[in-house]
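Presented sequentially are two complexes of subunit A, the first with subunit B as partner and the second with subunit C.
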Partner chain A sequence: MSLSTYQRRFILIGILLIIIFLPLIISSQHLMHIFILAGLECIVVMGFVAQYHVRLLTFCTATFWGLGAYASGFLSTQLGMSFWVCLPLAGVIAGFFAFLIGLLVIRAGWVTFLMISVVIAEVFVEALGHMNLVGGWDGLGRIPRPAIGSYVFLSKASYYYLTLALVAVCVLIFKGFYNSAIGKAWTAIGQSSDLAESVGINISKYRMIAYVTAGFTSGLSGSLYAHYLGYIVPPTFDIVRSLYISINAVVGGLGFVISGPIIGSMIIRAIPEFLRIADKYQPVFEGSLIILCALFFRKGIIGVLSRLMPHRR
Partner chain B sequence: MGSNVFFQLLLNGLVLGSSYVLVAAGFTLVYGAARVFNFAHGHFYMLGAFIYGGLVFLGIPWILSLLIVGLALGLFGLITWYALFKPLYSDVFLTVAISVGLGLIMVQGIIVMAGERDVVVPSVFKGVFALGDTTISLEKLSIVLISLGIMSVLHLFLKSKIGKALEATTIDQEGASLQGINTGWMFAIAMIVGSSLAGIAGAVIVPYLSAQPNMGYPITTTYLCIVVVAGHGSLKGAVIIGLLFGLVRSFGFHYLGTWDYTIMLLLVAIIMYVRPWGIWGVEFRRKV
Partner chain C sequence: MGILEIRKLSKHFGGLAAVDEVDIEVNESEIRGIIGPNGAGKTTLFNIISGFLFPMKGSVIFKGKDITKLPVHSRVERGISRTFQLTNLFMELTTFENTYIGYHKNYRQGLVSQFLHTARARNEYRVGYQKTMEILKFMGLWSLQDTLAKNLPFGHQRMLGVSIALATKPSLLMLDEPVAGMNQEETMTMVELIRKIRDQGITILLVEHDMAAVMNLCERISVLDYGKKIAEGSPDEIKNDKKVIEAYLGSEEKNSYNA
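After this line comes the complex of A and B, so read on.
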């Protein structure tokens, strides 16, 4: 914490420059693929962290992601809508479903809330698998890549920038929330919901805002995911994916609402690739990482880094 | 379509239900007494199935294998409690997160060791016997009877002094410690008994289902639903709802086709919404 503002700004600008010029530095298509997926995932993780911030524990984050993906895929393939219409619609649909679910269960105790989220995650996958309208278990295919006029986002680099733009939008959305009065109420609820209630904060309302925002941004990310892969199947969005999202959040650091999810997703996605053990030992690696973080580094990787920083001066 | 089909469905439902009961009873003990929301509980069940399979292949008699599985998983649960859950006891979310991580490691560990395939473990009880015009497989009947035996042992255990202390801890931790009950020990005991029940459930059901590394995931949803519908810490509820779930899955699959699971889950969601603390979980209302 003893870094001066000047130094902080310097580091931040350096990181931003690296992120912006990444496609020029890295020539490997596979790595670009990893970065795109990590970017899309970190939006969902941000939503998860926002929900954790108001002490809503949920394991259906991937469900809203999948909802966005399927909504966007369905609208573009079956109804022939343009991607630029599908993207906001996917977010709105996912947000609307989050609102409906929230209306029912946001006042329930945390155990019920967690359990209902597990049930929702299971029902979502099962129901999609039985719906022939969206391809059933075979999945929904031939989702077109987005295009502006005659330019189609076909290359990995162009899609990387599209992802980056969405991440930036979501970061702005969440940053706006955290810096506003709503964010202060969120923090108050996170620190002690009883105390927050006693000073007149409407807990359910602020929880609902966090829940719907998370649903909305996850839906946006899902839409981009569907149009990136062009082919989606229901098991991609099952509860195991949601568990992974919670792992990303813990590894990145639950206290760091914006940088935590980004770093966490990057690490979980990228390090096994660098280590070349991606296939077999990846879950072992991730499992050990989350156990280590939970036991010894409560503030996650960023917490460790910021603890190391001042000594290097 | 006569009484034979009905009896077969009933028997299948009881077989599934008895494994659900064992896993859910273990979880309800752990969650009720120690308040640990163990997402890896289903993987303990998977580990039990694999250890039992290994022991049977080594030619060890089934009852001894079952005992070894119970002891091994109990020890594993104890180690897990002291190494992972106890240090994080105050933070609910981190205990959930850490059990998720543990589950990932366990599943992948088994995949690395045994390969990602189904391991068929033959039952020691072979053959069928006829009862009127229905045939009953000895293998399925043995699963139900062994589960019944284990549940009776658990019942006797809970009637003992330690069991009473466990129950007291489940109802009210502070009150129990005021009565001189060492709640720290009770948490550890709940973890041992609960984990070994999960392992034994896996060992009992494995001739019927065959062991696979991912078998823990589907049952995770099932036991969570059972425990929440029945009420946290309620053993009676876990038994009734567990058997009901088994029967519903067996009959539902026959009559409703593949939609049965979805319909069942939606029903569970409705029950959860109407009675958040479960059907038998009234006493737990105070604070979690």
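After this line comes the complex of A and C, so read on.
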């Protein structure tokens, strides 16, 4: 059975409608909270998948997320900047940081790159913890919610839409890349870097584009995260968080560059809540999910879904 | 002056001289073969010319410019393109997509323009699409354009390797054992194709073990042995060269030489 283009469009519109009217359907504030976090996280996961696409493996995805969060938090609380200035700045700062790291190690082999990323992740958390300017281990608090004029994004529903907007922007950014010649070069590098090089693709350059883009979008997401919780502490952005982000990516399906991260983050975040085994058993749940994916569903959840509903290529 | 000049090129791996003071000059629009027994340094030489390895001494000059220290992608930019000895393709992509990626270096639009899909960028994509189709027709892969590279038969995979290299619009095409592992019929097809490619004005430099194909195809042949160039000349001269016969008879490859 294969779905026609018409049917696929129908399903897609249905999903979009559900997403848009979700706050009206769901009354639980707690669930809205979960969806907001999943939305913010899926942006970081998209960055991870983009890096994986050019075979850059890192353990510091959450670092750029945290960099965005801390940059935005610092600028708004200490310097009194408006959220709408902090948001793009957080992205630019995280992106610039990625660029600097990239300059140093993007040409190194993947093992070196991976090890350096571990160091970066650890140093970042330690450095924040000892920096009194941003609250040290006590964390940075009293980060204001974003506001337009006199309207403040206080309710969960309003913040949900803000998150949704950012997810949409990031999806557009990544889609723009994947659909252009840049994305073709990314795919080529991922499939065979030797051959990609021999047709004239500058591997380091295209890896850098993926790395900086991931840094930038993660920074944006981090900013929204900081202003949502109002209070951030260094350990939130440690290496374990980066590992969880890679789990989201694997569960969603590494080959599905946009839908994979979204579905993966949703599942990892939401299902334990529905099962009411949150907190205590979450690691067990995620652990078994990733083992299942590694053993049986090599293409992730989306891979399974698309096999159940084969569609035209 | 030739399109490609190699001057006093040396590359050692540990104590072993893989390429030792080799001089080769390739003229424009010729088909040049590089032969030699196993381990003679042919592939090393290939990798140095294409930029995957850097020499310890000597220089590579292409179209009058020294390219010895340039990275691979800059060499492709200048018109050097290569295929690989082992089948090296983008296995999970289709025949069309493989060749289309080969066209990548010809895009002139900036990153921003590509990202925003401006009219100019779209126009370039369209030209790339047409060019890719032309190459697929030329290589006889037209009907297989939607097949994944990993599902192609071996002979067609080798053809696809050449298609990808051709899509970069090279002026020097380097083929690393283009007919290795092919049957008689496939070999003949490939030999004909290589001739046709040359007739478009593309210089061909190839490394090959199949003596019949080399003798049939190449106008001039350079022979390497233990990293040194021991002979150079037309196929007939090479066939009767004492040093060459010695080099081959001294190794296990005498049978292939008699072909």
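FYI, the second predicted complex is superposed on the first by the 308 of 313 C-alpha atoms of A that agree within 3 Å, B and C clash if a C-alpha of one lies under 4 Å from a C-alpha of the other, contacts with A are read in each partner's own complex, and residues count from 1 in each chain.
Heads up, the rule we're going with is that a residue touches a chain if its C-beta (ideal position, glycine included) is under 8 Å from a C-beta of that chain, and two chains touch if they have at least 3 such contacts.
Everything numeric here is computed off the predicted structure, so don't read it as measured data.
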Which partner chains sit in contact with A:209 here, subunit B, subunit C, both or neither? Use first/second/both/neither. second
Could you tell me if A:79 is touching subunit B, subunit C, both of them or neither one (first, second, both, neither)? neither
Tell me which partner A:24 touches in the superposition: subunit B (first), subunit C (second), both or neither. neither
Taking the superposition as given, does A:200 touch the first partner, subunit B, the second, subunit C, both, or neither? second
One more residue to check, A:177. First (subunit B), second (subunit C), both or neither? second
Name the chain, either subunit B or subunit C, that contacts more residues of subunit A. B
Would you check which partner chain A:185 touches, where first means subunit B only, second means subunit C only, and both and neither mean what they say? second
On the A-aligned overlay, A:133 touches which partner chain: subunit B = first, subunit C = second, or both, or neither? neither
By the touch definition above, which subunit A residues appear in both interfaces, subunit B in one complex and subunit C in the other? none
In the complex formed with subunit B, which residues of subunit A make contact? 52, 57, 104-105, 108-112, 114-116, 118-120, 122-123, 126-127, 130, 239-240, 243, 246-247, 250, 254, 280-284, 286-291, 294-295, 298
Give every residue of subunit A touching subunit C within the complex, in rising order. 176-177, 179-182, 184-185, 187-188, 191-192, 194-203, 209
If we count contacts the way the header does, which residues on subunit C are in touch with subunit A in the complex? 50, 52, 71-73, 76-77, 81-82, 84, 88-93, 97, 100-102, 104-105, 107, 111, 114-117, 121, 124-125, 164-165, 167-168
For a test of understanding, state which residues of subunit B touch subunit A in their complex under the given definition. 37, 39, 84, 87-88, 92-94, 96-98, 100-105, 107-109, 111-112, 217, 221, 224-225, 228, 232, 258-259, 261-262, 265-266, 268-269, 272-273, 276-277, 288
